[in-house]
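In what follows, chain A forms one complex with chain B and a second complex with chain C.
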Partner chain A sequence: MRALWPIASNTLREQWRSRAYQVALLFAGVMLYLSLLLGMLAVDQELRALLDFGLGFIETLALAAAVFGAANQLLREMETKVVYLVLSRPLSRGSYLLGRVLGLALSIALAVLAMSALHLSILFFKGWAWHGDYALAVFGILLKLLIAVSLTTLLALSTTSPLSALTMTGILWTLGHFIQELNFLARRLGESTASWPLLALLRLLPNLELLNFRDRIALPEALGTSSPVLFGLIYSLAYSAACLLLAQALIRRKDL
Partner chain B sequence: MRWAALVLALILGNHATLQSFYWPMPPISSVPLSARDATQNIFLASLGMRRLAADLAFIRLLMYYGTPESGEDGHGHSHETPFGAGHYPELLERSLRILDLDPYFSYAALYGAGALAFNLGRPQEAVRVLQYASARNPKEWKYRAYLAAIGFQHKGDALSILRELSPVVDDPDCPTMIKNLVAFLNLRAGRRGEARRIYRSMLESRDPAYQEVARRALEKLGAS
Partner chain C sequence: MGETLGRPSHSPHEGRHSGACAPLAALSYQGVSKVYVRSHLGRTTRRIGLEDLTLELAPGETLGLLGLNGSGKTTTLKLALGLLAPSSGELRVFGHLPDSRESHRAVGYLPELPYFYPYLSPREALRFFGRLSGIPSAELGARCAAVLEQTGLRPHAERRMAEFSKGMLQRVGLAQAMLHEPRLLLLDEPASGLDPLAITEFRAVLSRLQKEGKSLVLCSHSISEVERLCHRVAILAQGRLVRTLEQRDWSAAPGRLEELFVETVRPSSEGAWR
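Up next, the complex of A and B:
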């Protein structure tokens, strides 16, 4: 565990210096400003629009930074042979991988918190009153990003191409938000053999709607966020752990 | 072997999640998509942004209803309809589509129904919006108040409309259009104090047109 921290903090520093990360943060500022303009169009629902646009932008930009970092970092280190230097020390490949993912997850969490602080300051300036749902929405975004980072790491190691890892993560991210629809489709197909691949896919895809607390803001209490939060946390940790264990098994088999 | 065990654990865990999963929004497959915004709505839904899609649809509705209709009066003279009046044939459909995207967006339902019933004189369409919204979110009491008020409007019973809509006015989700109506009905019923209170609350609206209406009304009431 002690070996993880130097790797994680190094990843955090690298990520902070990365052009893609800085551009994503800068772009987030611009988009949050744009959300101010869009919010004005919603007249009496300005605060709702500001809230939704802002949280949407935060998630999308953090996702871009997260998957880009996860798809590139490990593979770049392998290509440039930097990984040999790191692994020549008394450090297992598993710890190296975990340290990398931990650092990346921390940098993304910091970016999300920074963007949320900016978003909150805009909301407060516009007269929004604090509501706990906001913290839950941000928490849900962080859980989804943790899954995205773990999944992209696994895909990057299995495909050895950042581009295909990025594309596949994009597809899985999209499908992860259509679980309800896929479930509906599987039920429509019934017992036929045509439904088997879909059923298998459904059981492998990350259920991102489960963590989509952002879209549950201000729902009536019975449907609200309180009960699925703990479940969502456990789910996100378990899914990420499964992806990372698989990625660990892959990196152990790599000819490094 | 360890791999297989991991994948199996993932499948079983996901299976259990799937069994207990409940998502309070109707599936996007059940949402009738118009050619105008199908791509945008599907794109936003694929990113898990149904509320945002509903917000955009609502902004479009406001822009649609906020753009004065112009037409010809049969004598070759073009004319512009007064504020809030007109035909706006797409208002019903647009309101329903917002509710498909976010069934809990009560403000959009109240705004659409209010405009249809009290500004455009199409109470049947307003009732349809409210029933559609109520079927998706039956706990929303304001829909029932609106339905009752529309019923009384049909009978020309202004005092009963006032009785039904008065509790709605103090709700943060009450459209300013309805506040304006209730304030006006209060004024007609001789309740100047209550009218003044509602007009004052309208000054906090983010809609400059209604702020102006309230300012003028308060000036007339001698209480700006």
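Up next, the complex of A and C:
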């Protein structure tokens, strides 16, 4: 674990210096500015539109950076053989993997915080009054991104193809936002054998609906009075840990 | 840095069976085989990378690994680093399993055509690898400066490696391999891409490492380099160790090692390796 931070900090530096990351941040700025224009079109719902579009852009752009980074970083290091120089040092493959994931997750978190600061400045400029649920919404995005990074890392190591990992993450991410609908479908199918694959899929899919804290800004009553944040945090950490444990098992057995 | 290497005056390998208590081998392969198994669309293919290799490297010895492309040289090195798991047999590095931390602390590795993070400078890369090797922060700066000096990289220490030529990257590769002062260095095509002056400097560095008692494995297509530097040579063909040669076998006549190598790797009329 001693090697975790050097690997993570190097990953962070790699991300900050990458042209793709810088362009994504610039693009995020442009998109947030566009949300200002879209807000004007919404007339009396301007602030609501600004909030929704802004948070949506932040999540989508950060997701793109997260899955692209996670799908490529390990496989690229294996292809370029940099990994030989790293793993011939006294550190475990597990530490290397965790360091890489931690570094990527931190760089994405910093990008989300930077985009949120920009978004907030636009909102304040338009007269929005601060509400604590905004912070919760951003926290929910960060938890979703942690799951995305862990899941994509696992898929990249299983498929050894960045494109396959990207595609599969995209599908699982989308389905993860329709868990209630999939559960409803499974109930409709009853106990027939046709429901088995769906039930199996439901057990594997990340339940991303749990982490849609930004719904709270629009519909505070939707989340009730329970503590969805704590549950969401525990769920995200557990799901990510499971993905990373499987990924560790894969990388330990891998011939490089 | 301009010093040229003379032939080693002794062969550590010669002393290994003298009856005295033998020191722990720097590197020991006992019946090691590696079979690459690839599965694609339900079809599994197997390719032998290395077959039943039994070979030892004594502490302080320099061993040359010679062979044609695909003969198993790089596989032999990667097994010693724990980057590949052997399919059968036993492998030890100073008595430790190759994927153990103890083994990795003792080994420095220069891969063929090393690639580095292009956004880093050599000094940043060395600091990164030094931290991974567990070099204390207080010593890291001095160690980096020393290897940068030894490999002639000091004037380029702050340049981004994206701008570096193949030969410059090779120097950085050698620097990172020596950084943690390993007892065993595994060098895969170390002179590849180096200009004549850099080759002379490289020989001087290896000569110093030999004098310090380091064990070296030199994997190369450059027979003249191997001839100059090695105490012993192992020739691989199609994943098998087909011949080992002691320095006395080639030292009598310049170019003799090349003759022996060609004679060994050229298939006989029966198609078998001699």
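Note that in this section the second predicted complex is superposed on the first by the 248 of 256 C-alpha atoms of A that agree within 3 Å, B and C clash if a C-alpha of one lies under 4 Å from a C-alpha of the other, contacts with A are read in each partner's own complex, and residues count from 1 in each chain.
What we mean here is this: a contact is a pair of C-beta atoms (placed from the backbone, for glycine too) under 8 Å apart; a residue touches a chain by one contact, two chains touch by 3 or more.
All values reported here derive from a predicted model rather than from experimental measurement.
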Room on chain A for both chain B and chain C (clash or fit): fit
Which of chain B and chain C A:49 touches, first, second, both or neither: first
First, second, both or neither for A:17, with chain B first and chain C second: second
Greater chain A contact set [chain C / chain B]: B
Partner chain(s) touched by A:210 [first = chain B, second = chain C, both, neither]: first
Contacts of A:246 with chain B and chain C, given as first, second, both or neither: first
Where chain B and chain C come nearest after superposition, their Cα distance in Å: 20
Of all residues in chain A, those that touch chain C in their complex: 2-3, 6-7, 10, 13-14, 17-18, 80-82, 84-91, 253, 255-256
Interfacial residue positions of chain C with respect to chain A in the complex: 36, 78, 81-85, 101-102, 104-105, 107, 109, 111, 113-117, 119-120, 128-129, 131-134, 173, 176, 180
Touch list for chain B against partner chain A, complex: 2-3, 6-7, 9-11, 13-15, 17-18, 20-21, 23-25, 27-29, 45-52, 55, 58-59, 62-63, 104, 107-108, 137, 139-140, 175-176, 205-207
Residues on chain A engaged by chain B in the complex (per definition of touch): 38, 40-46, 48-49, 52-53, 56, 59-60, 173-174, 177-181, 183-185, 200, 202-205, 207-210, 212, 214-220, 222-223, 231, 235, 238-239, 242, 245-246, 249
